[in-house]
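The structures come next, written out as C-alpha cells.
The following pair of complexes shares a single chain, chain A, combined with chain B in the former and chain C in the latter.
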Partner chain A sequence: MSIPTPHLAATAALAMPGGAPAHRRLLDQVLRFQGYLGLLIVFLLGSAFAPVRDNTNLFLDLPNQMNILRYVAETGIIAIGMTLVILIGEIDLAVGAVLAFSATFTAWLLTNGQFSTGTAFVTVLFSGVALGFVNGIVTTGLRIPSFVVTLAMMSFARGLARLIFGGVSIPLLPISEGGGAPESAFFFSQRLGGVLPVPALVMFAMAIIVGGAMRYTAFGRHVYAIGGNSVAARLSGVRVDLVRVTVFALCGALTAFASFIHAVQLNQGAPNDGYAYELNAIAAVVIGGTALQGGIGGIAGSVAGAWMLGMIDNALNLNNVEADVQLLIKGALIVGAVALQRLQRRT
Partner chain B sequence: MIRKQLTLASSAALLAVGAMSPMLAHAQTKQYVIGFSQLAFDDPWRVAFNNQMQRAVAQHPNFKLVLVNAQRDSAKQVADVENLITQKVDALVISPNEAAPLTAVVRRAYDKGIPVIVLDRNVLGDGYTMFIGADNKMIGVKAGEYAAQWCAEKNYNPCNVLEVTGLSGSTPAQERASGFREGLKGNPNAKITASVTSEWQKSKAVPAAAAAFQANKNFQVVYAHNDDSTEGAYIAAKNASLDLSKMLFVGIDGLPDKNGSIVSVMQGRLGASFVYPNGAVEAVEWISRILEKGEKPPKKVVLGTDQITPTSAKMACAKYECEAK
Partner chain C sequence: MRAANDTPATVALLRMRGICKRFAGVTALDNVDISVHAHEVHALMGENGAGKSTLMKILSGVYRHDNGSIELAGRTVSPSDPRAAQALGIAIIHQELNQVPELSVAENFFLGRELKNRFGIIDSARMREESKRWLAELGIRVDLAKPLRNLRIAERQLLEIAKAISLDAKVLVMDEPTTALNTAEVQRLFEVVKRLREQGMAVIYISHRMDEIFRISDRITVLRDGKLVGSMPAHELTRHALIKMMVGRELRELFPARTRQSGAEVVAVRGLSVRGSIGRQALNDIALTVHAGEIVGLAGLLGAGRTEVLEALFGVPAPERVSGDIRINGTAVRLRSPRDAIGLGIGFVTEDRKQQSLVLVRSVGENASLAALGRFVRGGVLQLRREAKEVGAQVRALRVKTPSLHTAAASLSGGNQQKVVLAKWLLTQPKVVLLDEPTQGIDVGAKAEIYELIDRLAKSGTAVVLASSEMPELLALCDRIHVLCEGRIAGTLDYTEATQERILDLATRYSAHVENHIPPPGGLSTKPAIEPASKVST
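On to the complex of A and B.
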C-alpha cells in the first residue's frame, strides 16, 4: 500500500500524550510551507530595500516583476523535472549540458533544417526524452548511481553538441529580421498583452500539469513512495525501475522545453551555454523544500524556490550589489534550507 | 476691481515661479546616471576598460556610473540591461557578450528613448544610438600581413600558423579571424593549419594550444585573438619544448601594464601585438554631448590602432605610459 510519507515530526507529535507542543506545531507549518514563506519574505525585503525613482518603487513596478518571472522561467521549468528526480532519491547533473545540446539543436532545426515550429518543437522534445531515457536506463539497468551517470551525460551531451554543430553558436532569427526561422517559433519570447512573458506562462502551466499528475495519479503516488522507501514500494507492487526511467525521461523532456524557450529568447543556439543551470535547478528544488533524500516535497515548492532566487538576484541588481555577492547569498540559502530540514528530521 | 485683478495676476505669477523654481534649480545641477553593462571583469583588458570608464565619468561631477558584470553569461547580460532600463538610467553603454542574444534588449532600451552606445563588440541590426569601436577586420588584416611578411623574411616554407580564437558568437572574433586570413594571403607559403578556441581566456588558451601542439609540433606562427590567449599559447609551447626562438607569437590588445603585450614584446615573448582601444573615453565624451548639449551623434565611430613590434615597442611604451622596469 503506497501512501505519501507524512512529516515524521507530525507523526511523532501525534503519538505524544496531549498532542505536540506549540513550538513544534509552528515549526511543522513553517517547514511545510518553506518555499512559499521564503518567497514572501524575499518579496517583502526586496520591496523594502528597493530604490524609488519618480515615485515608483522599482522592485514592485509591474514590468520589473514580469522581468523576474521571465528570468526564472527556464530554471523553473527545469526545476519541475528535477523535483521528480530528487523525489525518488536521485539527481540529474546533466540538465545544463542537455540544455546546451537541445538549444543548439533547436536553432539548427529552425534555421538550417528549415523545420516548421511544431515539428522542430516535437523533435527537440523527443531528443530531451531520449537523453533522459539513457540516464534512466543506465542508472537502473547497470545499477550505477545517478550522480555518476548524469555526470557522464554532462560531458557526453556537451561533446555531442559541439561535435554535431561544430562548436559554434548558431544564430536563430526570424525571417522578418533576416534570419531563416519561422515567426511562430518566437511566440516563446513574447509577452502576452505586452505584459505577461510567455516563458513564465509555460512554467506555471507545467507546474500545474505535473503537480496535478503528482497529486492525482498513481504515478505520482508511486514517485513519493519510492522516495520514501523504495524497498517497501517494490514489495507493494510498485514497478520501481519503470517509474525511475520515466522520471529521468520526463526531466529530459522538461529540460528540452526550457531549451527551446532559451534558444528563442536568446536568438541563438550555443553549445557552450547552460553552465551551472543544473546547480540553479537543484538549488531551487532544495530551497523549495524538497529534501535531497527524496520522498518529501513538491513541484510548487520548487517553482517558489526558483522564483525566490530570481527575486533575490533582481533585488540585489537594483541596488547594484556585485555579482559575486549574489553567489555568496545563494550558497548560504541552500545550506540554510537544508539545515532547516535537518531540524525537522531530528524528532 | 482692477486691484483685485492685479492681486490675482501677481499671485498667479508668484505661484507659477514658485512652482517652477525647483525645476529650474534641478536643470542647473541635473544628475545623469550612466549604466554600463560590461560582459565580464575577469581579464586585464576589461579591467583597464572599466578603470578608464570610471576615470572618464569622474571628470563630470554630475555624472554617476552604474557598472554591472554579466560574468560572460549572455542570458544574465539581458537581465542586466533590463535592470538598467528599470532603473531608468539616462544613458546605456554596453559591451555585449554576444551579438544575437543582446540585440533585442538593446533595441528595447533604444526605443524607450535611452541613448545607447555600443562598445567593443557589436549587436545585430541598428537599434542603438552609436557604435564606437576599433576596426577588428583591419586589425586582423594587419596581423595577417605582419605574419606573412615575417614568414617570408625567415624563408619558412611551409609556414604553419596556429590560430587561437575568441568566443565564436562575438563579432571581434569573427572579424579578427577573417581579417587575418586576408592579410595572410600575401604569402602563399603561410597557412593556418589549425584553429582552436580559448574564448578569450588565458586559462582556456593553455590546454587548447597544448592539444594542438600535441597533434602537430610543427608550427612557426601562433596567432591568438587577444594577448592573454597568446601568452597562454606561449606557456603551452614552452611546456611542449618547442623551439620558441624560431616562432612568432602574435596577439591583440596592446595593454601597457606590466603583464601586457607592450612589456611582453620588449621582453621578447610576444613578437607583435596591436593596440585595441576600448572607446571608454570617447563614449563618455559623446554622452556628455548628447545629454547636455543635445547633439546628434554619428552612428559609427571607428578608432585607430598602433602596431607594437620589437622596433616600435619603446615608442609605444612612451606613448601609453607602460609599466616597464
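On to the complex of A and C.
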C-alpha cells in the first residue's frame, strides 16, 4: 500500500531547508510515515504476543490476516471518502447513518424489489451521491458548518431509512439459500482464489483510483489547495464550492459502495446498522496522518490507519481482551495521532 | 519643535543593551542597543524586517531576548509577558488595535481590568465616569456608551493612549500610528504626543513617514537587518542621510530606470461603483485606463479603497454589488468570479500574502502552478513532469531561494514567498497584473528584485496596476497615479507632476473632520520627501 501522494513530499519538506538537527529530521521521517509505521508496529506487537496453537501463530496465520482485511474493508472504503472531506477542512458525521440507509436500501432493492445486481448497485450508489450532495449543497450554499449539516444528516438519513423501510432489518439472501436476491450480488462477499476477500480488493482498488486522482488530476490539487487556504484557492481560480460539493458527493458514493458490501456480507440491511462508523472512519483518517484542519494528508495513510485499527481489534480479541478495553485503546490512539500532528506543525 | 536641546540631561529612562534574538536559526536582532530618555520622542526607523517590531516585542514581554539586558529607570527588568510589561510602565499602541469593536468605549477603556462594585458586578456608571476623566485630559469628547466601532481610527488610538496614561505608563511605544489618519488627525495626535513629552514620558515612535519623523522626533535610532546602524539627534540628520542609513545604499539604485513604452489600451473602466460590505470600502464612480506596457498606481490612505478597486477588477465582490463598465481589450466584460478574471488574462497579487495568495502548507511547486494548472492537463491527467519543468523554470527565473519545488511555502522568507506568488501569475501568461502592496514585509534586496520584475513585466507589454501605501514606490514606478479618498478618485497625477505632498493632499481631500484642520507648522516641506531619482532622468 504505497501510493505516492503529493502530501508526503510536502510534509517531508516542512523540515527547515538545510541543516535541521538530526533528531528533528528523524522526527520528520517518523511523522511522514505515521500511518505505515503504526501499522508495522501493531503488526509486530500482534505477532509477538499472539497465542500459538498447533505450531501456528494465530495472528500471523494467513486466514486470520485475510479476516482482518475483510473486516477492515468497509471502514477503509468509507475512510477514503472521509479523507477527501477532511482534506478540504470539512467533516462528514453522517457516513454511519448514510450506510444504514444505503444498506437497508440495498437489501430492499435486491430482495423486495427484485432488481438485478447492476441496477441495484447503481441505484444505491446514486442514493449515496444524492445524500452526500445534499450535505455539500447545504454546507456551501447556506454557509452552515459541515459539522452541523452532517450532524443533521446523521439523524435525517437514519430516520429516512426507518420511515421508508419500516424500522426492521431486511434479510438479504441469495435465491439458492431461500432468499430473493440474485447470486451475482454476493460477489462482494466472496474471496478471490478462496483467499483474498473481495471487499479488501475493492478497498485497495478505490484507494489506488482516488489516491491517483489526488496526485494526477487538477481536482486533487484543488482539494489540497482548498483545505490549505480556501481564500487563496478561490483567488487562484479554483471553483471552491463546486469542488466542495463534489467531495461530499464522492464521500456519499464511497459510503454507498461500502453499504452494498456491508449488506451482502451480513445478509441483511438494517436501519440501525453503521452505528459509530463515522468515528471509526475519522479515527482511521486522523491516525493515517491527515490533518483535521485540512490541506495535508492522503488516501494511503487513511487505509493504513483503518487497517491498523482492525489489526489492533483482532490482536486484542485473540488475547481475550475485553471489547471495552479496545475502545479505550482506540481513544488513546486518536489523541496520540493528533498530538503527533501538532508536534509536526511546531516548526 | 525639536526639544532635543532643551531636554533635561538625565540618565536614560529606558536602556536596552546588547539585545540578541534568534528564531529557528535566523538572527532577528544582533547586539542592539537603544537608550530612551524621559521627555523624549524617540523614532525607531528601519525597513520592514529590520527588527523594529521584534525589539518592541521584547520590550513589551511578547518575546524573551536570548542575550542582553533591559534597564528601566536604572533597574534591570525582564518582562515575562505583556501584562508584566504593563505593570512596569511600558505601554504599546499597536498598529492593529487590541480592542473589541462591539463593546462600548468605556468598556474598552477598562478591558481586562473592569471596575466592579462590592458585589463583584461590573460598575458601568463608574467606568464611564472614570474613563471620561482620562479621555478629557487628552481633549477627547466621545459618547462613552456608544460601541467602539462608531469611533474613527484616530479616536480609537487616542483611547489607547489615554488607557496607557491611566495605567501610569512611563514608556509609550507607538507602532505606525498614522497609517490610517488624515492630516488633521495626525496633527491632533502629534499635539497629544508633545503634551506627553512635556509631562516626562518617553515615547518610542515607529513610522515609515519621513516628514512625520522629522516633525515629531528628538532622536532617531536606525536598525537594518537586525543590527543597530546608528542613533542620532533628529536635527543632525537629513532625509537623505536617514534613508541611506535605513536602506544601506542609495535609493536610486533600488528602482529601475524609466525606459518603457506603452501600447494599446488593455483595461478601461468607467463609472465603476461597488456597494460596500463588512470591512470593505464602497467604491464610487471609478474611472481608469491602463495601456499595455503601463504601470498605473493607486494611492490613498488605509481604507481609501485601493484594494477594493483591484478586487473589483478581479471579480472578487459579488456581482450584484458591482455596477459600471469594465472593458478588457475593448470588450465589455462581466466578472462574476476570480476564475472569470483569470480566464481573461488577469492576475492578482493580493495584499495579504499568507491569507489570500498562498496555500502555506503546500509546496512551492503546487502554489506556483495552482492558477495555471489547466495548462498541464492532457486528457484529464496532470503532466507532472512538464509541470515541474515549466514551474521550475519560472521559479528559477525569479531567483526564488528554495531548497526544492517540494518545500512547503510556509518555510520561505517573505520576499521568496512573494516571488512564488508572482511566479504563479506569470505562469498564467497574464495580460493584466494587479499588484496590491507587492513589497510589504519584504527585505530591501528582494524589494529591488520585485521592482525590477514589475518593470520588466510592463516592458514585455503587460498592463500593470500597482496599489501601494509606499509613496516612493508609486512615484518611481508608475506612469500615472490615481489617488483615492473614501472610495472615490480624488485626483490623478502624471508621473511628471506627482510628489508625496500632492498625493497626501489629494488623499485627504474628502475627509471628514477637516473643519478643525490646522495647517502643519512648517513641518511639511514642499520638496519631495524622497527624490524620485529615476524619473527625473527621463
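Going forward, the second predicted complex is superposed on the first by the 329 of 347 C-alpha atoms of A that agree within 3 Å, B and C clash if a C-alpha of one lies under 4 Å from a C-alpha of the other, contacts with A are read in each partner's own complex, and residues count from 1 in each chain.
Simple rule for what comes next: a contact is a pair of C-beta atoms (placed from the backbone, for glycine too) under 8 Å apart; a residue touches a chain by one contact, two chains touch by 3 or more.
Owing to the predicted nature of the structure, the values given are computational and were not obtained by experimental measurement.
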Touched partner set for A:Asn272, first chain B, second chain C, both or neither: first
Touching partner for A:Glu183 - first (chain B), second (chain C), both, neither: neither
Partner chain in contact with A:Gly228 - chain B first, chain C second, else both or neither: second
In the complex with chain A, residue positions of chain C that touch it: 24-25, 314, 316, 337-339, 342-343, 348, 350, 355-363, 366, 369-371, 373-374, 377, 380-382, 384, 402-404, 406-408, 410-411, 424
Residue ranges of chain A touching chain C (in the complex, touch as defined): 6, 9-14, 16-19, 215-218, 220-222, 224-225, 228-229, 231-239, 291, 295-296, 347
Residues of chain B defined as touching chain A within the complex: 66-71, 73-76, 78-80, 82-83, 86-88, 98, 100-101, 103-104, 124-125, 167-169, 197, 199
Chain B partner contacts - residues on chain A that touch it in the complex: 51, 53-54, 58, 61, 63-64, 67, 71, 74, 167-169, 171-173, 177-178, 189, 262, 265-268, 270, 272-273, 275, 313-314, 317-318, 320, 322-323
